[in-house]
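Each of the next two complexes has chain A plus one more chain, namely chain B in the first and chain C in the second.
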Partner chain A sequence: MLIAIARRLNLLIITLFILCLASYVLAFLFPGDALTNLSGIPALSADQSHQLQLMYALNEGWFSGFWTYLKLTLNGDWGVSLNSQTPIFEDILKLLPASLELSLYAMVISLVVGLPLGVLAGLKHRSYTDMSILSVSLTGFSFPVFWLSLLLILIFSLQLGYLPMSGRISLLFDIPHSTGFILVDILRSEMPVKDAALFDALRHLVLPTLSLSIVTTALVIRLIRRSVVTVYASDFIKAAYTKGLSHSQVFWRHGMKNALLPIMPQLAMQFTVLLTNAMIVEVIFSWPGIGEWLIQAIYQRDFPAIRGGMLAVSAVVVTFTISVELLVRILYPLNKRQFYAQT
Partner chain B sequence: MPRPSFYQEEYYPSPMRHTWTDFQRNHIALAGLWCLLFFIVAAFLGPFLVPYGPLQQNTDMLLLAPAWNVNGDISHLFGTDSLGRDILSRIIHGCRITLGTSVILVLIAMLVGCSIGAYAGISRGLRASVINHLLDAIMAIPTLLIAIIIVAILGTGLLNSMWAITLALIPQFIHQTRDLVRREFQKEYIVAARLDGASNHRLLVKDILPNMVEVLVVQATMALSVAILDISALGFLNLGAQSPSPELGTMLSEALDTAYAAPWSVALPGAAIFLMVLSINLVGDGLRTALKNRLLQ
Partner chain C sequence: MPMLDIKNLTLEIDTPMGWVSALDKVSLSIDTSEIRALVGESGSGKSLIVKSIVGAIPERWRVTADRMNWKGNDLLGMSGNQRRAITRNEISVILQNASAALDPSATLREQIEESIPSYRLTKGWFWQRRQQRLDIAIQELHRVGIRDHNLCLSSYAHQLPEDICQKFSIAMALVSKPKLLIADNPTVGMETTTKVQILKLLTKLNKTQGLSVLFVSHDLLAIAAMANTMTVLYCGQTVESGSIEQVKRRPLHPYTKALLDSAPSFRRDLPPKSPLSCLDGTIPTLQHLPIGCRLGPRCPRAQRECVKMPATRHIHGHSYACHFPLHRDKP
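So, the complex of A and B:
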């Protein structure tokens, strides 16, 4: 058990280390001066440039340069943005919760919708129910996410006028920033019009969450359906039926456990897909999240910001995936062999 | 003397034929195949058939509605955009760019990924474990994110986004091939061939590759749908093909300015992407089911 945890932690640390290394190398690969790319301060005078060089230890060889960079990164000093001259790390900390919030709600919706549908399709394998659920899900994940969100905006915001088309909340409400999760922030704040603000935030959430979750729901349905079909075709289910267990007993004790736990890591992978799709959706809905910020940084060729944003997003993705794997390992001992890399 | 022919009466289809018969039984997948063929034909022949060029502007007819609308005109079947360009012509040219580049980059990614994957599959020890760990780390990052990072380094443009998506697609091919090669290598027919003195290279090319082709084709269809979605997403974000180009995603982002006045200029290019991806997914799914059925027998 401890070995398994150590292995995962090892993988996590090595991966994060590689990501840091990659982001350091990126500063030299990007066009322009490496020093400017690292710090975000366009070197004005020779004196300032010299000071920065000392700070990043660039003249002491690449190894100690990287070591200094690593220390700075861990301390939260990620340089400043070329355009706005604000510290990148603080920007990211402020923006990341908005993206996470969006992806989290979309993930919850896709699990709540996708799980029962996937299980139903798997249980009624090769029936009309299965066929219809499968075709709906196939259609669902063929949608280009940007087109889907545009269509939703066209229909629900422009034609029908039910829902707002951009932003997180109406500008009338001034929400103090504490956690970055807007619903939590509203609930924690001491506002006189809390209910109205909450309702408004929810209305802003509907379209982005919907356009994100449709694609993910489709993927979740397919994953779960396939897993349920495989488990129900296996011998131990037959044995359980032969033993005289009822449908519901087989379903809860043998079917679900074995069908859902092994695909947990794959379900976790969907979160990363979600986060990428969220970047596109954020651009369309002007959602002030990390994706929108990163894409703006690419437009403006703001290299320190691109470097920081890339590091942050991939670190979140990798940490999330590995922690889910570890969780599954704790809950589901059958995976033991895979973790010791025996095949 | 007439020989008894027990075996001639039964017909043993070849594996390829078997898969095809099974595939045909799935009508939805067959419809997907026809739809995909239509797109391929449109991509090849369409540009010679359409009456307007993709960049040809007609200033007398700005934002014309599609022909089925009351305000439409039959001379522009899908209407025109804000610069008076015929949308149907642009979509057909766009299919050529989007589908064509996706096919090319999937082929490149498959070639490179399979070579590395085969190497990873037959290598053992430290080298294999390094490749495995690196792969696990890369596989965790979605392709679009990798593509966006690579585009950030290389700069925007259709060619750069192609490179980016190719590089981003390679890991999944490596993963698939490595697992397959490893699984096949433990089977008895490989052991038999090895006892006959076949080298690793010969085993790979003559024995394992024929067994892998179909799985790789299924994987390639999946990669193709991802590639189309990614290339049009990059185009949409203005990171891929640049503005006057009739790439479908770029067309969509261009149409955004007039989305309220001309919703069809947003809806139609997106519908083309959607149908293309849907047909590819249907074919891929049908192939996968047919293959599974054959292997189960």
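So, the complex of A and C:
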């Protein structure tokens, strides 16, 4: 067990290291001056440029250059954005929670809806219930996210006018920034109109979350259904029935555990799919998250920002994936051979 | 009246080629405190019979039978709950491939404890019951010859060798004190001393507690040693059944004879270095079943009549299904 944990931690550190290396190399591959790409400060005078060179240790060979970069990165000095000249790291810290919040709620909804439906379909394999759940999920699965978002805006914001079409919260409310998760921030703030603000934030959340979660829900349903069908066809479920256990006893004691645990990593993987989709949705709904920011940066060829954004997003994804895998490894007592065969 | 009475059990399963009858009019009966052996080569459908009796088959497969009674009650007609009550209290089954029949994510302790019927727990408080459950489990494990009960109970199925899993399954089947034990190849792959221990245990339970056993095995020697009666299965059809002595002394069906002849250790009269006998060919797959008597293409005695399914005939409790039985056609 300790070895497994050590291996995963090792993997995590090495992957993050490689990500840093890649982001460093990118600064040299991007068009323009490497120094500008690293720092985000367009070199004005020879003196300033010299100072930056010293800071990034560029003339001491690539190794110590990278070493200095690594130290700076770990210290949170990611340079400044070319366009706004604000520190990138702080921007990311401010924006990333908004994206995480959106993806998190979408994930929760996908699981809350997808889990019971998937289990139901799996238990009623090949029945009409199964067929209808499967076809609905196939339909949901086939929607392109951007099209779905636009459609939802068209119907609920423009036609019916029920829900707002962009932003996180109405500009009337001034929410102090503390955690970056807007619902948490509202609850922690001492505003007189807390309820109204909360309601407004929720209304803003509905459409982006919905358009994000439909695709993931479909995926979750299919994953769980397949797993339940496989487990219920296996010998040990049959054996549990021959012991005289009732349907619910078999379901809770033997069925669910074996159906869900092996697909936990795959389920968690959906979160990274969500994060990617969230970028698209953020642009459409002008959601002030990392995705929208990154895409703006790409439009404006803001290379330091692109570098930082990619580093941040990939670091989140990698860390998340590896921690889930570790968690499953601790919970699920399979032998090594089976475990590696499965993943 | 036999305890378990099956007449003309037919099991149809859906394959990519359509529905095929994997079991074709199988008849089998087990009396109180009888040990019945079920033999036949691999793929003849022994495990399917076992699974149909306890209902461990996919719901979409079609099971039909003229009679499938447990103590006079029709197993196929009753509700799922009634049927489970019977398998909980009166019938225990050991499925083939013991480790696959154990839940991979639960410890063996949880699994054996949930098999303990509530009437075996006499104490009132839940912590007393907990202790009692553990005691019963340990006692049961010792009975099948598992010495290291702590290791066994705290392990998961994949952590133990296959033969411990097999013994554990036997213990788990016996813990509910069944009237009938259905054991599908319980001793396969065990080394001889362990095997003998298990066989002795089953025989003892049969003698002392009147346990009936349906013993599925390839091991003709073990069968001859412990079983009272035997049923021979070929390709989903019962070809012959009768008491061990009858069948051994005078097999009437060509397949039974071939089966007995193919076990060299079973034949005392075999001179050393004589060629071993066996039937030509292999058992047909479900997709290519011959019509009529399914042994037809491999049978040395087959004639034109064999494309019709022979009716089962009975003489002195010995029954067979063959148009041209051995020993009978001699004047």
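The working rule: the second predicted complex is superposed on the first by the 334 of 343 C-alpha atoms of A that agree within 3 Å, B and C clash if a C-alpha of one lies under 4 Å from a C-alpha of the other, contacts with A are read in each partner's own complex, and residues count from 1 in each chain.
Keep in mind that, in the parts below, a residue touches a chain if its C-beta (ideal position, glycine included) is under 8 Å from a C-beta of that chain, and two chains touch if they have at least 3 such contacts.
If you're wondering where the values come from, they're calculated on a predicted model, not measured in any experiment.
Partners chain B and chain C, once the complexes are superposed on chain A, both fit on it without clashing.
With both structures placed on the common chain, the touch criterion links A:L219 to neither chain B nor chain C.
In the superposition on chain A, A:R126 makes contact with chain C only, while chain B stays out of contact range. For chain A, the partner touching the most residues, choosing from chain B and chain C, is B. Of the two partner chains placed by superposition, A:V228 touches none, neither chain B nor chain C.
Once the two complexes are laid on top of each other via chain A, the angle at chain A between chain B and chain C, using C-alpha centres, comes to 70°, given in steps of 10. Contacts of A:L152 after superposition on the shared chain: neither chain B nor chain C is touched.
Once chain A of one complex is fitted onto chain A of the other, the partner contacts of A:L96 are absent, as it touches neither chain B nor chain C. Judged by the touch definition given at the top, the superposed model places A:A312 against neither chain B nor chain C.
When the two complexes are laid on top of each other via chain A, the two nearest Cα atoms from chain B and chain C are 6 angstrom apart.
Common to the chain B and chain C contact sets on chain A is no residue at all.
Chain B makes touch with chain A in their complex at residues 28, 129, 132-134, 136-137, 140-142, 144-145, 148-149, 151-153, 155-156, 182, 225, 229, 232-233, 236-239, 249, 252, 256, 259-260, 263, 266-267, 270-271, 273-274, 277-278, 281-282, 285. Interface residues of chain A facing chain B in the complex, by the touch rule stated above, are 11, 14-15, 18, 26, 29-31, 135, 138-139, 141-147, 150-151, 153-154, 158, 269, 272-273, 275-277, 279-280, 283, 294-295, 298-299, 306, 310, 313-314, 317-318, 321-322, 341, 343. In the complex of the two chains, the chain C residues touching chain A come out as 51, 54-58, 60, 81, 84-85, 87-89, 91-93, 95, 97, 100-106, 110, 114-115, 156, 158-159, 172, 176.
Contact residues on chain A toward chain C in their complex (touch as defined above): 126, 233-236, 238-246, 249, 253-254, 257-258, 261, 332-335, 338.
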